[in-house]
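Before anything else, here is the set of structures, which you'll find just below.
Two complexes are shown next, each including subunit A; its partner changes from subunit B in the first to subunit C in the second.
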Partner chain A sequence: MIKANHHLDAKGLACPMPVVKTKNAIKDLEEGLVLEVQATDKGSKADLTAWASSVGHQYLGTVEEADVLYHYIRKGSNEPKVEKAFGQNISLEELESRDGLILDVREAAEYAFGHIEGAKSIPMGELESRMQELDKDEEIYVICRTGNRSDLAAQLLADNGFKNVYNVLSGMNEWNGKTTKDF
Partner chain B sequence: MSEKVAIIAANGGLFDAYKVFNIATAAAASEKEVQIFFTFEGLNLIHKQGMHQLEMPAGKEHFAEGFKKANTPTIPELVEMAQELGVKFIACQMTMDVMGLTKEDFVDGIEVGGAVTFIEFAKEAAPTLTF
Partner chain C sequence: MTAQKWSAAKVARKVIDNEELFILDVRNEDAFQDWKIEGHKFDYLNVPYFELLDGVEEILPQLPTDKEVLVVCAKEGSSVMVAEMLAEAGREAAYLKGGMKSWSSYLEPVKVADLNNGGELYQFVRLGKGCLSYMVISEGEAAIIDAVRFTDVFIDFAKEKGVEIKHVFDTHLHADHISGGRHIAAATGATYYLPPEDATEVVFEYTALTDDLNVKIGASQIDVNALYSPGHTIGSTSFVIDDKFLLTGDILFIDSIGRPDLAGVAEDWVGDLRETLYSRYRKLAEDLVVLPAHFMIIDELNEDGTVARRLGDLFKENHGLNIKDEEEFRRTVTDNLPPQPNSHERIRQVNMGKVAPDHNEQTEMEIGPNRCAVR
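Now for the complex of A and B:
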């Protein structure tokens, strides 16, 4: 199952209820976090996709399991502001010829719906507590959706003694290569 | 794109009610400013008693089962939800006078106005829908 920060049960409800409930549920969610909407209304996929783009959220994807649709929506589409850029960057093209670890700091659900094969997932919010999973001497290429979260993550790693950290620009948004799904 | 949706509800059957309130709540949930102008039979849709017993078109009564199976919200539920989402209801003064109705005959929170009130809103709305 894909990890989300909040779950909404809209099973058995007909249009327009799944959208109305989603609107109410997402209000309480922190910007950048992921809502899972469980629905049986077959129209809910098209509706929530359109709704998210019209209201300004990021529709991540839908998984169907035993007649239940699990939709994933990330609140807002703004990325955090970067005050002072990390500086040590690498382009997506260069990334393809490098060895080392690709560290994907997007939310788990964003990662699940498409990531570069072999990339390791640690959401930005968990990085501080999970840093010990990483090797300080390895080359680490930090990636997110647009290059902002990864910039903050790269700075955090560098501040903690990681020597070979790069921020990948611009991010999965621009990545045209192969992706792997994880569910 | 306009952030306003204007709806004219001029018919008073159950199907009409679903068309009006489904579009209205969906638009409001998408953060549009929504106003519905209720006129003639459309006033049934927000009438305190009338909205509980809206009729299906003649010969279509068998759809009652379909509504139940699809688990659609009831019209009074949709009315409440629409109001919670900030949809504004305007009842047509002229029609109310013709039909001998007063503001108290309708759900709370409505406004009463004439065509101009609505046109003023609708001139900036896209789309304007009529049911």
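Now for the complex of A and C:
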């Protein structure tokens, strides 16, 4: 099952209730986190997709299992333009010719709906506590959706003694190569 | 003020009676673009319901106060919500009971003509989907042609008229909607006919509908004559009724012609289509009134709600009957075709009796426009 930060049960509810409930549930969620909406109304997929884009959330995808639709929505897709502070950057084109570890710091659900094959998933919020899973001597290419979270992640790794860390710019939103799904 | 509930029948009357109506369609934009309730004098505003969750104030200036306003959504729920919000804001508003689902299913029986010796011919107009079915009535007997899947409507109508359904025909194996033909036959003991060329894969019993088959309805013998007219499908058959009406199935429409590609073999059938439209039909009397199995746009409806036009007029006005060059005709009906109807392959499977989805799934499969024609 795809990991989400919050779950909403909208099973058995007909339109408009799945969207109404989602709208209320996402209010309490922190920006950048992922809500899973369970629904049985088939129309909920098209409606949640269109609703999310109209209010600026990021619709990640839907998985159908035993007549239940599991929709994944990340709160607030308009990432703030922050000044990139990490100096060592590489482009997506350069990334393709490099060896080393691709570290994907997006939320687990974002990763699940499409990532570069072989990339390791550690969401930004978990990086500090899971840093020991990484090899300090390996070359690490940190990637997220637009380059902001990966910038912060690269700084955090460098501050903790990782020598060969690169921030991949811009991010998965501009990646045209193959992706793999994971669910 | 409370929101009013309107039935699909009420909306259908407004379409047929050419009345004005303002429709606030609260479905997604692409759903609205793809398919909506069409009326000669209808105006529209499309705002998805999820943009109105915080209130309807912003759209109030766009809603007329001198016209009835009907809120429409896919199933009903969202339109009830929005109509109630409008009512609370002091506006009169109604919602469509059952939403576009019920609109897609609604049939309006319209009398086309009186036939010899007290006979009658009815056209069942499915406004939401553009399907047309027919019932010929004469002296206690009835024949049905191209029945859609709402079998009760036909069976109840026959009861109301005090007639026994004796013959049920499908002009061809339909790909855009689910046929009710064989189910009506099974329920009433009528004979069910299907062209054998279209029936090679069907898994039920049927009576072969062949060229020149003649069936009499009632004691005064209203003639129903079959005329083999392939092109939309290889088995497509037309009917001449009472020497006055030509039921063309999906071969010839009012403002368009049939498409040859829904069974996946456009190139093979385009020659048949040409032969039917430019040779077989040319030999018929121009005063025959064409009654097709579909209409595509609301402008094809006559003042009285029927879809019917003199064959001679169509020879003059229908673009598809006026393409002199064979090669150009071939290109017109094989290139640049509109998208194929929703679930057309699966609908064919249902009509062959190979699969039997439940009522809800059948409704879902038929949602959307019919797209059987080439203009």
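The rule is short, and it goes like this: the second predicted complex is superposed on the first by the 177 of 183 C-alpha atoms of A that agree within 3 Å, B and C clash if a C-alpha of one lies under 4 Å from a C-alpha of the other, contacts with A are read in each partner's own complex, and residues count from 1 in each chain.
To be clear about the criterion, contacts are C-beta pairs under 8 Å (C-beta built on N, C-alpha and C of every residue); 3 or more make two chains touch, one makes a residue touch a chain.
None of the values given here were measured: they were computed from a predicted structure.
When both complexes are superposed on subunit A, subunit B and subunit C end up clashing with one another.
Legend: residue contacts after superposition of the two complexes on their common chain; A:17 is shown touching both subunit B and subunit C. In the superposition on chain A, contact of A:43 is made with subunit C only, not with subunit B. Residue contacts after overlaying the shared chain place A:54 against subunit B and subunit C alike. After overlaying the two complexes on the shared chain, residue contacts for A:68 are found with neither subunit B nor subunit C.
Common to the subunit B and subunit C contact sets on subunit A are residues 14-17, 19-20, 23, 47, 51, 54. Interface residues of subunit B facing subunit A in the complex, by the touch rule stated above, are 22, 25-26, 29-31, 70-73, 81, 85.
Residues 28-31, 48-51, 53, 73-75, 77-78, 81, 364 of subunit C are the ones touching subunit A in the complex.
Residues 12-17, 19-20, 22-23, 47, 51, 54-55 of subunit A are the ones touching subunit B in the complex.
For subunit A in complex with subunit C, the touching residues are 14-17, 19-20, 23, 42-43, 46-47, 50-51, 54.
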